[in-house]
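After this come two complexes, each holding chain A, first together with chain B and then together with chain C.
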Partner chain A sequence: MKFFKSLTTGQRTIALSLGFMLVLSIVRLFTNADDITSSGTISSTLRVATPILLAGLAGVWAERVGIVNIGIEGMMIIGTWFGAYGAWKWGSWAGIALAIFAGSLVGLLHALATVRFNVNHVVSGIAINILAAGSTEYLSIIFFKGQKGGGESQSPAGKGGYGEFDMPFLSGGRIGSWRSPDILGWLEKKHDLPLLPDLAGVLRGLVSDIYVPTIVAIALVPITAYILWRTRFGLRVRSSGESPQAGESLGVSINRLRYQAMAISGGLAAFGGAYLSTVFTSTYRQGQTGGQGYIGLATTIFGNWNPFGVFRGAILFGFPSALKFRDEKNVPSLLLVIAVILIALGVVSLMKNKQILTMGLFIGSAISAATYFLVDDVPQEFVAATPYIVTILVLAGAQQQLRPPAYAGIPYRAGENH
Partner chain B sequence: MTEQSHLGQSHLAVELHGITKRFPGVIANHDIELLVRPETIHAIVGENGAGKSTLMKTLYGMHQPDEGTITVNGTLVQFKTPTDAIAAGIGMVHQHFMLADNLTITENIILGAEPVDHRGRINFKEARDRIEALMTSLGATFNPDTNVSELGVGQRQRVEILKVLYRGAKILILDEPTAVLVPQEVEELFTTLKRLVADGATVIFISHKLDEVLAYCDEITVIRQGTSVAHTEPSQVTRRSLAELMVGSDLPDPSGRETKVGDDVRLQVTGLNLAGDIAGAKLALEDINVAVHAGEIVGIAGVEGNGQFELCESILGLRTILSGSISVCGQELSHTETRERINMGLSYIPFDRHREGLLLDAPLWENTFLGREENAGLTNGPFISRNKIEADCRTIIDRFGVLTPSEQVPAFALSGGNQQKLVVGREMAGHPKVLLAAHPTRGVDVGAQAAIWDELRHARDNGLGVLLISADLEELIGLSDRILVMFDGRVTAHLNPATATPEMLGTYMTGEEQGVDG
Partner chain C sequence: MKNPRLQRMLVTSASSLLAVFVALCICAVILLITGKDPIEAYRTLFGAAGETKVLQGALNRATPLMISAAAVAIGFKMNLFNIGVEGQMRVALLATAVAGAAVDLPAPLHILFCLVVAMASGAIWAGIAGWLKVKRGVNEVISTIMLNFVALSLVAWAFDSFFRAESTTGSLLVKTKELPTSAWFPDIVERRLNGMFFVAILVLVLFYVLVWKTKFGFQLRASGANAGASRVTGVNPKRMVMISMLLSGALAGLVGMRALLGDVHAYQNNLAEQQGFNGIAVALLGRNHPLGIFISALLFGYLGEASGRLQLIDIPKEITTIMTGIIVLAVVIINEAVKRWDDRRIQHKAALALESAAVPA
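After this line comes the complex of A and B, so read on.
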C-alpha cells in the first residue's frame, strides 16, 4: 500500500491498467474467451465509447461553468438529425460540422433559459430533450419522407465515409502503397501465452481500424483539460462553476462565459450524436441515441468532472457493450472478471481493516463466480443489461470521493451580490 | 524628506465630502465627511445599519453617490464600477469572502487579472513569483498551490487581502474583517495591517467592536444614522464615550433588579457528560453541574466553541448524553423526546437565527408558529388555524416592537435586529418555565438590545428561569444573578456578577481555572 501511495497519478494508472490486464489475461486463458482482449473488441470499445465520451465532455463543460445540462440527450438527438442531413446532402464531414453548429445553438438556448431567464436547470434541460425529440421527428417528415431510403423516422443514407486509420508496423498500416508488417497482429495470435497476446491485442485495438472522428474525440480529452486548467478562459469557466460571485467581484463577466461554455457543451454533445448517425451507422433513425446522453452525463459525474475521468468512464461502459456486440458468448466471462476484481478489492479492504466491506466484497465475488460456473445459459436480458449494470455499480462505488463544482445548478443572477 | 511628508499632509489618501446616497424610501447616507490620512489605519465605527457599508460601497464604485465628491490622493474621481476603483488603487475585502473553494490560492488571486501570453495561456510561474513576493511582505506562509477549501477563516482572509494587493491596491477597505475571527487571528490580522501601512498602504477599517478599534487604529470616524458625527483619535476617547457617540444617547444599562431569586429549582443539570463528535476523542462536555432557580438568570461565559452549544443541545435532547441527569421543575427528562421537553416548559433562543431560528423564505406568521404546532390556541383540532396564528403573530410583533409592514412578509425582509426580536418574542410567547437564551442580542442594534433586555428582566421577575449564553460580557455581568465560565467543555469558574469585571471574565475564559466549589 505504501508503495502504491508513493507513485504519481500517472504511474498508478499504468499499474492499475496492468493489473486489470493481468486479470483479463487469466480469465481469457481459463475460459478461452479470446475476444475479451482481442484487438477487435478494443477497437469496437473505442467506437462504442466515442459518443458517450463526447456527451461526457459536454457535461464537463456545462457543469464546470455552473450549469447542469440534462439536455445533453436532446442535444445529441439534434446532432444525429443534422449530422445525417449534412451527410446526405454534402458528405460526412459536412454532417458533423452542421451537427456541431446546430448543437451549439441548442446549447445557447439552454444558456438563455438558465442564465437570462433563470429557469431551473433541470426543467430547461428536460424541455430541451422533449423539444429535440419532437422537432427532429417533424423535420424528418418535411425533409426525409418520400426521399429514397428516407421516411418519417429515418434519413436517407449519408454520402461518403471517414478515413480509417491503421498504425504502420504496429497494426499493418500503409505507408504510401506499401503495406507495413502487422507486428501486434502476429503477437496477438499467440493465444497460449499469458499476458503478452492480451497486451498486444489491446494495443493493436487502439491503433487499428480507428475512424478519424474517434481520434478527434479522444484528442478533445487532453485539449479540454488543457483549456480548463492552463488558460485564462478555462480558469474563468471553473471559477464560474465554483463561485460566480468571486469572478463577478473581480470584473469577470460570468454571463458571457456561461453562454460560451454552453455553446461548446452543445457542440460536443451534437458531435456525439452525429457520430451515431454518420460514423457508427450511416443513417439517422428516430431514438438512435437511446439514452446515451444520460450515460454521458453519468460519466461526467463518475469522472469527477475531469475529462480524463470521463474517458475512463466511457471506456468502462464501452467495453461490455463491445463484448456484447461481438459475441454474446463473451459476456459470461465478464462475471469471472468481476469475481477476480472483487477479490482484489477485498484484499485491499482487508489490509485497511474494514471487515464488513471485505465480507461483502468476498461474498459478491463468490456469487459472481458461482453464477459463471452454475448457470449455463445467461439470459439474453442480462447480457443486454450488462453495460448498464456495470456503470451503476461503479457509480455507486465511486460516489463518495466525488466533488462536484460547488455552484453547478444553483440559480445565479449577475450583479445581485453587491 | 520631512518637508515632503509635511507637504504630503495636504494630500489625503481619501477625502469624501457631503456624500449623500438615497435608496427608494431610505436615505442611507447624508452629508458624510471622511478624511483619511495616508499610511494610517482609519476606523469607521457605527451601529448596524448606520450606513458604514453603504459608504464603503460608494467609495469602491459599487454604486454612485447622489451628492458629494470623492477625492483620492488629491484627485477628484468618479467611479462607475469597482474596476474604476481598482484602477485608482482602491481594494475591498468583503465581509463575506468571495473565494472559490475548489480552486487553488494562486487561481483565486489571479482570477480576472491573469498574466497570460498572446494565446491566452496563463503564465503560472510569473503569477507564483508575484504572489510569493506579496506573501513575504505580508508575512504569510502558505503554499500557493493548495486549494482554498483547506484553509481556515483567518487564512482565507489573508488570501482576500492578497487578491487586493495583487491588483496593486494602495488603499484597502476592510468590511468588518474581525467579525469572523478568533482573538489570536484578530491580533495576526492587525500585525499584517500594520506591516502594510509601514510599506505605504492606507487601511480603512469598518467595525463596531470598539476594543479593537481603540487598540489598533490611528484615527476614528463615527457614523450615526447615516451621517458622520465625529472624527477623533483613540487617545481622545474612552470605550464608553465612543459608544455614546455611536448611539447618540446614554447607553442602555442592563443591570439592576428589585425582585428576589425564587426557591424552587427550574432547571437542574447534574454530572452531565457528552461524547465528542469523533469517536475516541475527548468528551465534549465533562461533568457539568448547573442549577437555575425560578426568577434567576444564570450566565454562561466562554469563548465560543467551548461546549456552550453542546450544552444547549443536550438540555433540549438533540444530542444523546453519555451520563448525568437533566430535570425541569423537578421532573427527570434525560430520556424524553425534545417535543416533550418543550411541552414541559423548555424554550430556546438559538445561536444562529438564520440557521436554526427562522425559515427565511416563509412569512412571519409561519415563523412564529414554528415549534408551537401543538399549541391548542393556534390550531383547530388537526388543522392549523391561520386566523389565530396571524393574530398571535401580530401580538408578538406589537409587544416586541418588530418593525415590519405586516405579518405576511417573509422573514428575510426584516433586518437582523427585528428578526431576533421576532425569535425572542416567539420563544417567550408560550410562557416557558426555563429559557435557554443563546446570544439573545447578538448583532442587533442598541435599541433592540434594550427592548430584549427589558423583556428578559420582566419575564425573570415573573418567575422565568434563564440560562443566558453570551459573548457580550457587559450583558452577562448586567443581567446575570450568577455567572459560570465554560472552558474546554467544563465549568471552570463560578463568579458573582456584582464583583466580576470583564477583565476577570476574560482571564477565566482563556483557560485560567478557579477552584470550583459550587
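After this line comes the complex of A and C, so read on.
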C-alpha cells in the first residue's frame, strides 16, 4: 500500500494496466477465450468506443463550462444525418466537417436557451433531443427518399474512404509499396505463453486497422486536457463551471465562454454521430445512435469530468460490445475477469479495514464466478445495459470520489446571483 | 382584473398559447424553406378538427399523455425531474401483461388487479431512483435516464427469455400470452376511443385534489419551492422526495394501460413506445396544472392523430415532432421572460406604493 502510494500517477497507471493485463492473461489461459486480448478485439473496441468517447468529451466541455447537456444524444443524431449527407454529396471528410458545423449550431442553440433565456438545462436538452429526432426524420424524407439507395429513414451510401492505418514494423504497415514485418502479430500468435501474447495483442490492436478519425478522436483527449488545464481559455471555461461569479468579477465574459464551449461540445457530439454514419457504417439510418449520447453522458460522470477518465470509460463501455461483436463465446470469460478484479478490490479494502465493503466485494466476486460456470452465453441485453448499471453503481457508491463542476446546471445570469 | 390569481392564470395561459403560436410560425418557415406550402399544410392539419373520427382518435391518443404528464408534473411540484416515466411504464407493461394473464378474476376486479399491478411495478422502478436520491444523493435526472435504459434492456431480456408466447393467429409479431377478456378495458367508441380516457380524467382530478386541496399537497409544494424553509415547519424533505417519486412512478405505470388493456391485450416490443417521454412536453406546456395538462394533451393527441393527413399532400408528418420540440423550448423561454417581466412589474408596483406612502409623511 505504502509502495503504491509512493508512485507517481503515471507509474500507477502503468502498474494498474499491467495488473489488469495479467488478470486478462490468466483468464485467457484458463478459458481458452483467445479473443479477449486479441488485436482484433482491441481494434474493434477502439472502433466501438470512438463515438462514446466523443460524446463523453462533449459532456466534459459542456459541464466544465457549467451547462448540463442532456442534448448530447440529439446533437449526435444531427451529426449522423449531416455527416451522411456530406459524405453522400462530397465525400467522407466533408461529411464530418458538415456534421461538426451543424452540431456546433445545435450546441449554440442549447447555449442560447440556457444562457440568454435562462431555461432549465435539462428541459432545453430534452427539447433539443426531440427537435433533432424530428428534424432529421423530416429532412430524410425530403432529401433521401427516392434517391438511389436512400429512403425515408436511410441515406444513400456515402463516398467512403478514410483509409485505415497500420504501424510499420509493429503491425505490418506499408512503407511505400514495401510491407514491413508484423512483429506484434507474430508474438500474438504464441497463445501458450502467459502475458506476452496478450501485451502484443493489445499493442497491436492499438496500432493496426485504425480508422484515421479514431486517431483524431483519441488525440482530442490530451488536446482537451491541455486546453482545459493548461491554457488561459481553459482556466476561464472551468471557472465558469465552478464559480461564474468569481470569473465575472475578474472581468471574464461568462456568457461568451459558455457559447464557445457549447459550440465545441455540440461539434464533438456531432463528430461522434458522423463517425457512426460515415466511418463505422456508410449510411445514415434512423435511430442509429441508439442511446450512445447517453452512454457518453455516463462516461462523463464515470470519468469524473476528466478527458482521460472519459477515455477509460469509453474503452471500458466499448469492450464488452466489441467482444460480443467478434465472438459471443468470449463474453462469459469477462465474468471471471470481473470476479478476479473484485477479489483484488476486496483485498485492498480489507487492508483499509472496511469489512462490510470487503464482504460485498467478495460476495460479488463469488456470484460473478458462479455465473460463469452456470451460463454459456451472456444475453445481448446485459451487455447493452452494463454502462448504465456501472454508472448508477459508481454514482451510488463512489460519490465522495466524484468531483463534478460545482456550478453545472445551476441557473446563472451575468450580473445577478451575487 | 383585480384578482391576482385570475390574473396569473390568464398570463400563464396566454404565454402557453403564445408558445404554440411561435412554434406554428417557425414550422411555417421550415415548411417554406423546404418548398412546402405552410397554409395548405395547416389547413389540412387543422381542417380535420371537425371530424368526429379524428376527434375520437385525438382523445384516445391524449389518454396516455394526460397520465404521463401528471406523472412528470407531480415530480415537478416537488422540484424533481422524473425523466424515467418511459422506463417505469415499460417495466409496468411487462409486469402487468404477465401477472394479468396468470390470474383469473371477474371482469371489473381483473381490470382493477391489472391497474394495481401496473401502479405497484411502476412505483417500485421509480423507487430505485428515489432511494438513490434520498440515501445516496444521486441526482434523479441522471439516475432516471440510466434506469430507462436498464429497464429497456431488462424488459427486452425478460420478455425474450421467459414470457414470449407461441402465436395462435399465425401473426409474426411476438407477444406475451394474451390477457383473458375479463381484463380488457372496454371501449367507449368501438376501436376508436378506449374507456381508459375516464381513468386519465380521474387521475387529473385526483392530482388536482391531492396537490392543491390536501395538507400533503401543500407540504409537497412547499418542500419543492423551498426545502429548507419547509423543513423548519416539520416537513421531512427526504420523505417528500421518496413519496413523490413513488407516486410519480405509480402514475407512470398507468401510462401504458390504454395500449395494453384497451388495445393490444398482450405485451409486445414497442408497445406504447415514447408515451412516457411525450408526457414531459405535455406537462411543460400545461404548466403542471391539471387543466393545462388536459388541454395540452388534447393538442398533442390531435397533432398525432391529424398528422397522417399531411402525408396525403406530400408533407412529412414529422413536422409535428419538430413542432413539439419548438413548443417545449418556446414555452419555457416565454415563461422565463414573462416571470421576469412579472417580477419587474411587481417590484415597480411596490416601489410606487412605497413612494405614495412616503409622500404625505
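Just so we're on the same page, the second predicted complex is superposed on the first by the 391 of 418 C-alpha atoms of A that agree within 3 Å, B and C clash if a C-alpha of one lies under 4 Å from a C-alpha of the other, contacts with A are read in each partner's own complex, and residues count from 1 in each chain.
To be clear about the criterion, a contact is a pair of C-beta atoms (placed from the backbone, for glycine too) under 8 Å apart; a residue touches a chain by one contact, two chains touch by 3 or more.
Since we're looking at a predicted model, the values are computed, not measured.
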When both partners are placed on the shared chain, which of chain B and chain C touches more of chain A: C
Chain B versus chain C as contact partner of A:142, first or second or both or neither: second
Which of chain B and chain C A:381 touches, first, second, both or neither: second
Touching partner for A:328 - first (chain B), second (chain C), both, neither: neither
Contact set on chain A toward chain B in their complex: 230-233, 235-236, 238-239, 242-243, 245-247, 249-252, 403, 405-406, 418
Contact footprint of chain A on chain C as seen in their complex: 30, 34-35, 81, 83, 132, 136-139, 141-143, 145-147, 149-150, 152-154, 156-157, 160-161, 280-281, 284, 316, 318-326, 328-329, 332-333, 336-337
Parts of chain B lying in touch with chain A, wherever the complex brings them together: 57, 62-63, 81-83, 86, 94, 98-103, 107-108, 110-114, 116, 119-122, 163
Complex contacts: residues of chain A adjacent to chain C: 68, 70, 113, 117-120, 122-124, 126-135, 137-139, 141-142, 291, 294, 297-298, 301, 379, 381-382, 384-385, 388-389, 391-392, 395-397, 399
